[in-house]
Structures are given as structure tokens and as C-alpha cells.
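Below you'll find the structures, each written out as C-alpha cells.
Paired with subunit B in one complex and with subunit C in the other, subunit A is shared by the two complexes that follow.
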Partner chain A sequence: MSRDSTAGVLERVGAIDLGVWQVPLGLLAVAVLLRPVVSHDLMLGYPQVASSFLIWMIIVASFNLLMGYTGLISFGHAMFMGIGTYSVAIALSSLAVPFLLAAPLGILFSAGVAYLIGRLIAHKGEIYFAMLTLAFAKSAHFVANYNPGGLTGGTTGLADGTTPAWIETSRGFTYVVLGGFRIDWYWAVAAVFVVGLLLLWQLVRSPFGRTLVAVRENEALARSMGVNVRRYKVWAFTFAAAFAALGGVLLEINNQGATLSELSIVTSGNIIIMAVLGGANYFFGPLAGVFVWMFVEEYLTDFHTLVLPLTEVPLLRIELTGVLAYWQFFLGLLFVVAVLVSPREGVLGLAKATVARLSARIRGESE
Partner chain B sequence: MSLLEVRDLDAGYETGQVLFGVDLDVERDEVVSLLGRNGAGKTTTMRSIVGADEPTVRGGSITFDGHDLLATEAHDIPRLGLSLVPEARRCFGDLTVTENIRLAAHHATNPRDVAAMFERFPELDDMRDRPARHMSGGEQQMLAIARSLVTNPQMILLDEPCEGLAPYIVRRIEDIIHEISENEGVTILLVEQNVAVALATADRHYLIDEGHIVDEVTTERLREDETLRQRYLGV
Partner chain C sequence: MSTSSLRTLGLARLSAGGAAVWGAIALLLLVAFAVEPGLFVDQFVGGLVYGMTLVLIALGLSIILGLLGIVNFAHGALFMLGAYFTYQLMALWGLSFWIALVVAPLLVGLVGVAMERLVLQWLYDEPPLAGLLAAFGLALMIQEATRAIWGDTPLSVVTPAVLAQSADLAVTTVARVRLFSVVVAALVILAVYLLIERTDFGLSVRAGVQDREMAGFLGIDMPRRFVLMFFLGAVIAGIGGVLQGTAVGMNPTMGQQYIIITFVVVVVGGIGSLFGSVVAGLLIGEAVFLTPLVLRSLADVTGIGALAVPGIGGLVPYLVMILVLLVRPRGLYGQEGFME
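Moving on to the complex of A and B:
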């Protein structure tokens, strides 16, 4: 379903319009509701992964600033997240720099690297740009793997001494202990999530962000309007890296260290897939993509036997371990379907269109 | 000195040269048309002036208000006061009407008031928050002109503004061209293959054929000389 018709249907049914509050309220709702939803018995049944969901939402949303808004496809976005993760891990384990100093420095460092790379490659054509980001990401992975000066820990990554003293873990839960207060790690992440994504949203709706959309739509026309296209692309790349590093910094605490997978090409690929799966056209698209991807991953790797009906006296038991070991294959299939149906709409676009159509039918309006 | 001076312009694409020694002058406050058939070199001339990626300019000079345009980056040309209303009334379809205009103002050095544009184009006032792609062709053309006008240009390049529009909208666009030129002192270079539109709006006409400027005529001459029109424009 194309975006035109979705918007058209939404207009006709008079979807609830929260105006400018839609995004802030939506973000709050995600932060507040995600954990209870995820840990409900019918869903995953355990809450520990909820903080990872939020962190990846920040990371994939940062990628969508490039793909969805600027039209730049980077195959190396994980590098900028990984730079954040490794900066903090190295600062804590080898340099004895406190987290609250290391985190902003890591974000700045990541943004700085992105700015320089952007200056070098942002004006290249789409496919060359993509290949070059891939090459840079590959070299970052190589450097971390090579373990220069014992800083990055090579293939094992960094784990020892990478958790600040004010982080406590017990029974799989993580807490932030500051000045006598003990806050669940999830809420700390949720706060950063809401503030971070509000900043990103503000960026997207500012003249800067609107100019990025213009650049995506028609570079030549944007240029003829006086837009220095190259400079805007460089800054989009820089901001995207900064937000990715924000996620990376949180990931360091969340995963208690840094591993090579944070810099890997596969992770970059997953970020792209999550953004497209969710719907690059929407601000909330990447969030939906992360939710679907991570939920399916967690659900299926934990799911072995289908018992029907879901009661005390099972009538039917189906052993699914063999099939579900291929969960990524099934997600891949879902991805292919999403792209074939509408490359920029994703599951969120599909859901919106479905809701709009249903509501139109309920109101008795013919399509 | 003319506001826009094109001298001995040679330009073309990988596939071959298109313009051969094009000379063109537009004086301040004039409305000038560049008339020719499809493929005569109108769009190539226009694109050379605004510094588009293609064509490649191989020789000659283009000067606007004393600035050498061939030595100016494409994104700096609008800041000199030379604004393009592109062919096919291109707008940013994902942006709303207001955003389209506001963005143009944002990137201009000395923009006009955005609100004044809505008074100027009442058609657009009712659809401020509509994405540009949901607008009709005529409305998109108004938006493209408003987007150009809000930058407070000295000169506007209009690339086939009436192509594919209904007759009553064509008349509205012609009126707008008059108003812009007479009341607001904006110089206009109009690229057209529609003689009627050129006759209705411009004071002076360059006829282009196969990459050469073949004649420069007044509106009276163009209206009366049927053989001339037949020969270069096929009408």
C-alpha cells in the first residue's frame, strides 16, 4: 500500500490527531509500556531484555536519520555505535576515566570520526558511499580485533573493569545506585531514550531536518534553492553517529563490556534490516522494526514446543526446536515481504494502513 | 551592463555538443523569452546558467549582476539573487506547502515574509499543511513560483511554467508573471515552446534552434511574422 493512499484513508477516517504532542506522548508511552508488555506471560515472560530494546531503538532511529530522512545508505553504522561502546569500555578498564566523562567524550569522538569520514565521502554517489562506509566499518572492526596496545581486547572484547562502581547487578537485574538512590537500570535507559529521541525528533523537524528531506527528495532542486547539499549530508552523518554512539554508550553498561560484534558488519546489516522492517518513512518506524526483530529473536530462541490449546490439558504438542533454529531465516522472509510490499513503509506502514481501513469499514465508509 | 549576460556559450553532454556559441542578454526589469522546439537547447541553456551537474560548459561565459556564474558553486547562485522555477513545477512532495516556502526562505540571504506569500497566492492558503504531492499541477506551479519569490530574487528563470496546465490556470500564471515583473520589479527569463504564453508575457524573444540563437525579435514581430514562427517553432 502506498503512502498516498494510507494518508488519504487516514484523512478520511479522521484519525485522532494529537498534533505536535503525538511524538513526545508516543515516546513516553513506549518507554513506560515496553517493559510490562514484554514481560507479560503471553509475550516473553521476562523483563530483563526490555532495556536492550530501548537502546537498539535509539541506535536504529539514529540510522534512520540517514536512510529515512537524508536518503543516505550507510553499511557501517554499527561502527559509530561500537566506537561509543569501546570508548567507554576502554576509558573504564584502562584509563580509569569515570563513565560520566567517558560517555560524552565517546559520543563526541564518534561524531568527530563521522564528520571526517563524511567530509571525505558524503558527496559520492549512493552506491560508492555505501561501499565506502562498509570499508571504513571493516577497518574499524579489524583494528579492534588486532588489539592495539592491549586496549580493545581483540576477539574477546572487554569485560573486566568495564562496569562503573555505581552499577549493581543482582539476579539478572541491573540497578543504578547514586547518592543513596537505587534506580532500576531500565528506567535510567528509558529516561535517556525519551530525551535522546526527543532531541532527534527536534532535529528532524527543524529547518535542518526539513532540508535533509529536501535533499533526499531532489538533490538538484535543493541545490537550486541554495542548499549546500554536501555540507548537509556531512552533518546528517555526524549527528547520526552521535546518536548511535549514545546507544553504544548505554550498551556498554547494559552488556557489561564491549564485544567485537558491536563493530561487525553483521550488526550494521541488522540495523538496516530493522529500520526497513519497521518503516523508514516514519519516525516510529525504526522503533517498530527493533521491537519486531528483537521480539521474534527472543521469543523464538526461547520457544521449543507449541502446546495446543494453551491450557492444563494439552491435546496437541508440536516439537518446533528444529524449525525455530532458523528464526533468522523467517525474519529474513518477513523482511523480504515488507520490502516487496512497500520498501519504505515497513510493518508500521502496514499496521497504519490496516487500522485505517478497518476503521473506515467500521464507520461504514466504502473505500 | 545587462543583468544576465551569456556570451558564446558552448555546452553539451557526453553524447555530444548541444549549444554552439549562444549569446543572450537580459536587462534589468525585462521579461525575455527563450523560444524553441523540443531539443533546440532551451533546457541546456537554463541548466548551464544555474550550474546544474549536467551539461558540461565547454566555452564562453555567463555573468549575472557582475558575478561569473561559471566560477560559482550551484548552491551559491541563488544567493546572488538568481532563482530557478524548474520545469515540471518540481516541489518537495514530502514537505508541506508551508515547509516548502519556509525552507526556501530559510536558505535565502534576504528573504521575504512567508506569510505574505499566502496573501499573494490565496490558492495556497487553504492547503498550508498539505504535502505538496497531494496538490494539482496548477497549485504546484504556484508553490514553485512562491518558493522562488520568497527568496526575494532579482531575477527568476521560469522553465516552461505552463506546460500541461489547463487554459484558465495558464492565464493565471501569465497574470502572475505580469505582476511579478511590473509590481515587484523582478526580471524574468522565460523558457518556452508555447508561443502564446511568450507573446502574452515577454517583451523580447530569443529564438533558439539546434543549439544556435537564430533570431532576436520583439513581440510585435513575432506575432506578425508567421514564416518565422513556422520555421523555428512549427506553429
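Moving on to the complex of A and C:
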């Protein structure tokens, strides 16, 4: 709180001009730089995964509206993403509804489901709330698996006829074709990413978002100051679901269909891990978490030999294939360490603290 | 704790609505029994074994949650380790089942103590979220280590000769090893009950559950009790793992599968109530196995095929939980206001 107000003072005297523009510029930078960085030879070396990075960033950022800003832990966030994915897939494959109509409807539907569930459970205690979201997520998974009326495709999911006509794929790349123009799918996702996360940022810094922080910090105090805590939690839950569904809708095109794993508890767990790993205290925390998680996953699974110090001068070769197949072990370790150091800071907080300490030392200030 | 819960179980408190619900359930079970008696007993025993396994995991989880306020997500991983240690001892080192039954849980207990000393003890004063997340990471680590050491494929051990035969129950036969599991689990539950309710040690632990700080002021060495109870909880989960591993087999995702259902059990039973965990575990175990059968026989009797929803058994615990928490937020036997 005090840090925010000092920043506000500094802004007013014009000391930090970047202030308000920090987040929009940061989002633009992420969208523009992510693909070149990811596809660089020293990194992953192939650009196709970059769009998945952005989509998961939207989804995990939506989860952080709950965990980071409102202090609600949901074990079923993947459900709302999956509802978006499945809505579009069903609309395209069975109902012949165009994507541009199906996507907003899917998001609305997901938000509606979240609103109803939120009305029912948002006032429950932390653990009870988490367990109830888990139960509802399990139920959604069950329904999709049960395949009512042949709509959801059961265990195999939906793949046939789930891509709109204006999506073209060639050699692993996806393109959006609009009246003669051919835009790379990545840039379409990047546009949605920037607009979507800007909306989320506006939400977070609005009076609504500030009230959510108040609820997180001290629920009893917020209530005694006249905040209808339950209503704010319900709406936070609803908005988070809407943004998750936005990610889910994009994921449908990105993965060309809907699979049951998008509704699974494991996916919900991964979303939690990514948010915590990145740093739930920061708006950009989830983005960092997604980057670390997905990068590590992609990088380590086809990483075989560690050559030290350089490939050109091999002094030491370490065969790592056997060990790195179990990369989640090291991720778990990193996760435990991150929680022990500070549960809400994550890698982004760690990086920020390190940079601050280094710059203080360079400027010769004592710590 | 559980003496008062026993009192609430008394029939005097049963309302008219409650009586109607229980009567309807009894009627449905009778219909199912009349339609397929053999299958009914089969499923009943299956539900009992499953429920007992759930109770064994839930006891440790409930103790740790009540005493330390930590949602130990890694408890399912400890359960899984019990099964894999059995495999290591029996299949790889050639020891007998009876040695594994004693040694494997103790080893699991040591893993539990290591977990508590190295990680979780630093998080007692943090918000509950921190403990949950750290345990989440630990569960991930144990699961991956298990995959790395014992591989991805499901494993099983050879059941000892005494337990390999079947027992005759008139309408059906049941593998002895399953009945053995039920007996061992019942003994463990009884032992835990006696320890918690009838010994000075148990008394001091209960004092810690009520008010950790105050119990510390009164001269009770709480950190030592934390370690001991963590050890105990891990050992109980380990015993569950040994029994499950011997009767059914093991795979690296079993910890994850069981921990979620076990949370459901603890929440339905009421957080902090061991008696509630036992009741809820058996209730949910039976519900998972009997609901599909009841629905199927109901579909047979009424001729409405749509009633027999395939795979409904897996969903039942969650439906039970949603229902219980909406009607009675503290769970069946939980204290009012505890962690609500």
C-alpha cells in the first residue's frame, strides 16, 4: 500500500513518466518480443509454440485475478477455460455457428456458469471454496466425458470440423486468411493478448480491483467498511472465468479442437503452479510463470547433453537425457523453494529483488 | 471430540426429513440387493475396502490439518510410496509380505518426517495457502521421483499364499486379501482412536488442535508432537499403501488420484474430526461402489434405461460433497466455524 502511494506521489511530480504506461508497454513488448526470443537458436529454436505461450499467459493471468488479487484459490479454473474451448468446438462441429459468434457466446456462457457457481460458493472458507471448485470441475469433466447427445465427443474430444474456414495451416504454421490477406496466427493471438490483458489491467486498477485487494488483505475490515464481500468475490470469480474462456476460445483454434485434458484437474493444478511460480503479487507474475514453465517443458524434454563450457570447446559432457525426462521433479523443487522463500513473490519477485539489490550496489548505496 | 460426535449420531436427533432420506436410501439398497445379491455383496466389500483405504489416508491428513493447519497435498504421495516400498521390499529384495507390512510404513514415516523437518515446519505461521502450495510441490517431486525409480508402468506384487485364496460368503466369494485389508485398517483405526482419546499423549495433541499457542504455554513440547504426529500420519498412509499395493497394484498417479478423493472425505466428515473422517470415508467408499449398482437395478425394475448412467461412481463423491457443504458447511461432524 505504502509503496503504491509513494509511486503515486512520484508520478505526480513527474519523476517517473513511465508510470501509467508501464503495463501497456510491457504487454506490447511481451507480444512483440516473445516469438523472436523463443525461436532463437539458443532458446527453443522453433517459433510454433509462441502462440501457445501467449494463450496460456491470458489463462493464468485470469487465474491471478482470483488468487493474486482476491485471495481466492480455485482448483477448477481449467473448467472455465475448457467451457470456452468446448463451446466453440461444439458450435463449429455440430451447430454450424460461425466462430465470431460462437466465441463471445462461449465466453458469456463460461461467465454465466461461473456467476451461478460463485453465487453458491463464494462466501465459503478458503479450503471449502477450493474443494467445491474442484468438485464442480470434476462434474464438468464428467459431463464432457459422458458425451451427452454426442456433442462433446467423450474421451477423444472434438477434432473434426472444429477449425473455421478462414484458418489455414501449412508446415506447422497457422494463418488467418481474411479477404486475400494472410496474417500469421501468432499476430492474431498477440492482438487478442494485448487487448485482453489491457482490459484485465483496467479491471485490476479500477475501484473494483482495488476493493478486491482490500478483501484479500483483510476481509473482516473490508466488510466493516461497507464492502459487500460476497458480491465482490462472485464478480471476481465471474470475470476470471470470462478471461479464462477467452484463452480457451483461442486454444480451440490453436490446438485445432477440444480435448478432455482441457477440463482436467491436472490442468487446473498446472495453472496454480504457473501463477505461484511466476509471482502472484505481480500483474506480470503469471506471464513470467507461464514462460518459465512452458520454456522448461519444451527445452528440457529435447535437451540431451550438457556440454561445458561451450559446444566448441567441450571439456565436460554430461548426459542428461535420463534425468531430464523427469523435469517436473526439478520444477517441483523450484516451486518448493519459491514458496519457502516467499509464497507470493515467485521468480518475478526474486528477479525484481535481485535487480534492485544490484542497482543499489552499483550506485554505491548501502543495503 | 468423538464422544460428543457419537452423541450426535444418536437417533434422537434424527429429524423427519432425515428419516425419510435414510429410509429412501435403505429401500434403494434393498431393491439392489434383491435384484442382484451376489453382485451387491461384491460391490459392498469393494466399497468397504476402498472406504477403509480412504480412511487410512484421511486420518493422517485430518490430524495434520487439525494440528498444524497444513493442507498436506503430499499425503497421497506418501500413500503411493507405501505401495512402491512394498514392491521394492517384496519383488526386488525378496522379503516376505509380513516384513513389508511393518517396514514399508516405517520407511514412509521417515519420508514424512523428512518432509516436515525440511520444508513444512517453516510454514506453520504462514497463511494456509503457503503450506498447501509447498505440499503441492512436494507431491510433484515424489511423484516424479517414483516415475524415475520404478517407471511409468503399473506394478503389482505376488500376494502371500495365505491371502491368495478366496473366502466364501454364501452368495459370492471374496479374495481374502481384501478382507485382510479391511481387518488391518479397522485395527489401525482403533489404535489411532485409543491413542488420541485414551492416552496422555493423545490428550496433549488434542489440546494442540484446540489451541496450539496455549498448549505450548502450558509446557507441552508442541514441535516434538508435530513431528510425531506427522510420522504417525505418514505411517498410517503407508499402511494404506501397502494394503492397496498388495491387493490391487500400483502406478505413479495413484497418489494424485487418492489425495483428491481423500480431501473430499475430510471435508465431508468435517475438518478436525477424526470420527467424521472415518464415517465419511466409509460412506463415500460405499457410495462409489453401490451407486452404479443401485441405479442399474432401479433401471431394471422401472424399465427406464436412462437411470443407469455409466461411470457415475467416480462422480458420486463430488456430488456428495457439494450437497453436504451446501446444506451443512462444517461437514458431518466438524466444529462450527472451524476454517469456514
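The working rule: the second predicted complex is superposed on the first by the 339 of 367 C-alpha atoms of A that agree within 3 Å, B and C clash if a C-alpha of one lies under 4 Å from a C-alpha of the other, contacts with A are read in each partner's own complex, and residues count from 1 in each chain.
Rule of thumb we're sticking to: a contact is a pair of C-beta atoms (placed from the backbone, for glycine too) under 8 Å apart; a residue touches a chain by one contact, two chains touch by 3 or more.
Please read all numbers here as calculations on a predicted model, not as lab measurements.
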{"item": "Subunit B versus subunit C as contact partner of A:34, first or second or both or neither", "value": "neither"}
{"item": "First, second, both or neither for A:240, with subunit B first and subunit C second", "value": "neither"}
{"item": "Subunit A residues touched - subunit C or subunit B, whichever exceeds", "value": "C"}
{"item": "Touching partner for A:73 - first (subunit B), second (subunit C), both, neither", "value": "second"}
{"item": "Partner chain in contact with A:228 - subunit B first, subunit C second, else both or neither", "value": "first"}
{"item": "First (subunit B), second (subunit C), both or neither touched by A:207", "value": "first"}
{"item": "Touched partner set for A:192, first subunit B, second subunit C, both or neither", "value": "neither"}
{"item": "Contacts of A:217 with subunit B and subunit C, given as first, second, both or neither", "value": "first"}
{"item": "Common interface positions of subunit A, toward subunit B and toward subunit C", "value": "none"}
{"item": "Residue ranges of subunit A touching subunit C (in the complex, touch as defined)", "value": "73, 120-121, 124-128, 131-132, 134-136, 138-139, 142, 145-146, 265-266, 269, 272-273, 276, 323, 325-326, 328-329, 331-333, 335-336, 339-340, 343"}
{"item": "Subunit B-touching residues of subunit A, taken from the complex the two chains share", "value": "4, 7, 207, 210-211, 213-214, 216-218, 220-229"}
{"item": "In the complex, subunit C residues that touch subunit A", "value": "71, 119, 122-123, 126-130, 132-134, 136-141, 143-145, 147-148, 256, 260, 263-264, 267, 271, 309-311, 314-315, 318-319, 321-322, 325-326, 329, 339-340"}
{"item": "Footprint of subunit A on subunit B - complex, ascending", "value": "50, 52-53, 73-79, 84, 86, 90, 92-95, 99, 102-104, 106-108, 131, 133-134, 147, 151"}
